Amino acid sequence: MHNTINTINTINTIQPELTSKVIKEKVKKNIVVDVKNLAAYFGKTKVLKEINLPVPRNKILAIIGPSGCGKSTFLRCINRMHEVVGGTMTGEILFDGKHIMKYDPVQLRRKIGMVFQKPNPFPTMSIFNNVVAGLRLNGVRNKKKLSVIVEQSLKQVALWDEVKDSLQDSGINISGGQQQRLCIARAIAVQPEVILMDEPASALDPISTAKIEELLYELKKNYTIVIVTHNMQQAARVSDLTAFLYMGELIEFDKTSKIFTNPALKQTEDYISGRFG
Amino acid sequence: MEFNLLRRKVNNYVILSLTFIAAAITVLPLLFIFYYTISKGITYLSLDFFINMPKPVGEVGGGMANAIVGTLILIGIGSAIGLPVGIMTGIYLADFGRNKLGKVVGFLTDVLSGIPSIVVGVVAYTLVVIPMRHFSAFAGGIALAILMIPTITRTTEEMIKLVPDSFREAGLALGIPKWKTSVNIVLRSAWKGIATGILLGLARVAGETAPLLFTALGNRFWSTKIFQPIASLTVYIYDYAKSPFSEWNQQAWTASLVLIILISLISLLFKFLTRSKYKSR
Amino acid sequence: MFYKSQLKYKSKTKKKNYFNRLVEAGNWGDLIFERLTQFFALLVFLLVILIGYEMYSGSRLSIQKFGWQFLVTSTWDPVKEIFGALPAIYGTLVSSFLALMISLPLGLGVAIFLSELSPGWLEKPLSFLTELLAGIPSVVYGLWGIFVLVPWLRISVEPFLNKHFGYLPFFRGAPYGFGMLAAALILAIMILPIISSISRDILRSVPDSQREAAFALGATRWEVIKIVLADSRSGILGATMLALGRAIGETMAVTMVIGNRALISPSLFDPGYTMASIIANEFTEASSDLYLSALIELALVLFVITIIINMAARLMVWRMDRKWETVK
């Protein structure tokens, strides 16, 4: 509770005019990921500038903005993948109230799953092994337990009926849309708290995209989702909250309905109505 | 969970340090070989080594003028035969090679590059030495040519394929015949890459010994005649290394040093060419 | 590229007409250019056929006399003119496989270090050094082998192995220095750059999305590398076989340190022979037609073995190259 109020105070100082409604909505929810004054760099280039953004539990937060605005980098800061590619960051990201730098990156990433733009199943592993790859890393060996989790996870992503007879086939012999759902199943099999999605549907056909969007709605019940997308209709359809990033800065953050119907800033309105970006 | 994580992290660090050790071990023999070649070879490295003939057993000093010239002549004969064949075949594979002949020749080029050099020596022996009834620089040159053809063919082909089609189209649109487009535009923009391929091929054959043992044979005297046996640095190193005379052993080290310097010069040229190619782009 | 397809199309439909039109248009140049390059391509084609034929015809005498016995008998006696290649085949295979066992883990370690771990400033010089290793002539390795490696083996390594592991048949007998162990070690050094540089390229060809997927699941760096390795296993197998092909055909360095005796012995201290080193040693001494023919047959066997290995290797590396196109 205390934490939440803190966050809202932070938002207040940055964007005082927006938060009154947010407070009413979010005050009783707790915040899973709390981003404070985050700045991210590649070498000396600053790609994110002082971002403040609370992510409430069991909500879908969409991050929109033109290409190169730092959406993906923002996502990668949260599970410390940014440092894998040689980037650095300053500021604070609190995950369950603890600074992410105080976590072991390996453990942090177990609790914050990620799904990428292009489906990337492991081609040398079967569908079954793809799903349990994360569990195996964590030392789960019990075959029965693994089978249960595989079934659960694949059902959750609505892939079970399509692949239940071919669990031992390679993970790349299925369609792109199925591959992406397999990757989501792989991410949720380790029971993370948060799932980060980096344009998960951009490489897929419309039908697969629709399936993924449906799936997001289901997943919201158990997980908190941060999704990066350049497709504004998608953001409007699936998310509860939307953040608009431009040139590494957080321009506006509010309820999705508010952003898409009555944005506070002209810049946001221009972007949403397609006048730039 | 905690214990599992600890185990995984320990595993991680142990194996990662093993790869570092592997890298160190790999570099070690190289440093050793360089150290010995330089420290032992430098004893006799002087102008004398380049301008004098080998001395008979028991006499101190002498050089390998004939072998140095012989090696250059052998590379020269090899290039005179191998370069045109390799380059033209490469052009064929790149420009006209999408048919059966092209595929077969491409495959055979790979076959050729896998043949051990000693086998190539045997072939050059049966092809050239037996009909001519004596060992010769020419036979050695043929063997070296066969060895350099695959390298040169493949690099030529790849370099030509790297030239964007728009270059050709531009030439053709100007009404230039295809062959002139190929020669003047495509080859001209690919020549640096092809030159590096040539150098790579030369560096490869410069150090060859096995195919020369029973083709060029070796010669203790000064000879530049193409149809006579000829001396080469590598065969000298082999003979002198096996000999019981420490004087000759010493000279083998010096010859190795000279050979490595020769090859390094070739590969330095190669590095230089590849570097300037990327800069211009 | 585009006029090639044009050419193909034309030649399929009206072959004669195409050339006629070229000639009518006074475009002799194109025709000559194509024919000229084609001539050289045919030359390469004929060359390989010729190599195979020459070796077959050169070894006919020996093939007729010994038949398959040549490959399975172990007497190599030039005086009585009895030739069995088994010791040479044994020596070739044992020295090459031993070399592979030593250099595969090392080469893979280097490849992993170069492609996944090493900081940028270290990677370039290290790659350059391993490539230098590949550029040293075989005969220089042999020279180094005779004067540095062999004495070291004779004075320290072999007595040590004999003392502590002498109960194994591999480490028995007098420590000559010259022998199978020396040959295997020098081969290992020589094929290391092949394994490490090809494996490095193959590891690099694995898309980063695979590494990210593993990292995002909470894998440690080594666990990420394990997944990358699994992805590249066929390519690495190909690299290993290319290296094996090189080791089997390697001549000079091995000839200089292996001791050159047609002997089949379990002890690695004992001298041996390889197919390549018999040819190198005895070819100019071959006094009779049958002797020469037997040596040429050895070359033929070597030729066939290396071709099979190389083709298999190239197939694997090639399959690896294609693989990611379906995933991407």
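Which chain is which? They are A, B and C, in the order written, and residues in each are numbered from 1.
Here is the rule we go by: contacts are C-beta pairs under 8 Å (C-beta built on N, C-alpha and C of every residue); 3 or more make two chains touch, one makes a residue touch a chain.
Since the structure is predicted, the reported quantities are computational estimates derived from the model, not experimental observations.
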| item | value |
| --- | --- |
| From chain C, the most remote chain by mean C-alpha position | A |
| Centre-most chain, if every chain is reduced to its averaged C-alpha atoms | C |
| Approximate Å spacing (C-alpha centroids) for the pair chain A, chain C | 49 |
| Distance from the mean Cα position of chain C to that of chain B, given in whole angstrom | 16 |
| Between chain B and chain A, distance of the C-alpha-averaged centres to the nearest whole Å | 54 |
| Contacts with two or more other chains, residues of chain A listed in rising order | 106-107, 137-138 |
| Numbers and ranges of chain B residues touching at least 2 other chains | 8-9 |
| Residues within chain C bordering two or more other chains | 220, 223 |
| Chain C residues within the chain B interface of the complex | 1-5, 7-8, 27, 29-30, 32-34, 36-45, 47-48, 50-51, 54-55, 57-58, 105-110, 112-114, 117-118, 126, 129-130, 132-133, 135-144, 146-148, 189, 192, 196, 220-223, 245, 248-252, 256, 276, 279-280, 283-284, 295-296, 299, 302-303, 306-307, 309-311, 314 |
| In the complex with chain A, residue positions of chain B that touch it | 1, 4-5, 8-9 |
| Footprint of chain C on chain A - complex, ascending | 79, 81, 84, 106-110, 113-114, 116, 118, 120-125, 133-134, 137-138, 172, 183, 186-187, 190 |
| Complex contacts: residues of chain C adjacent to chain A | 207, 209-220, 223, 227, 230-231, 233, 323, 326-328 |
| Of all residues in chain A, those that touch chain B in their complex | 104, 106-107, 137-139 |
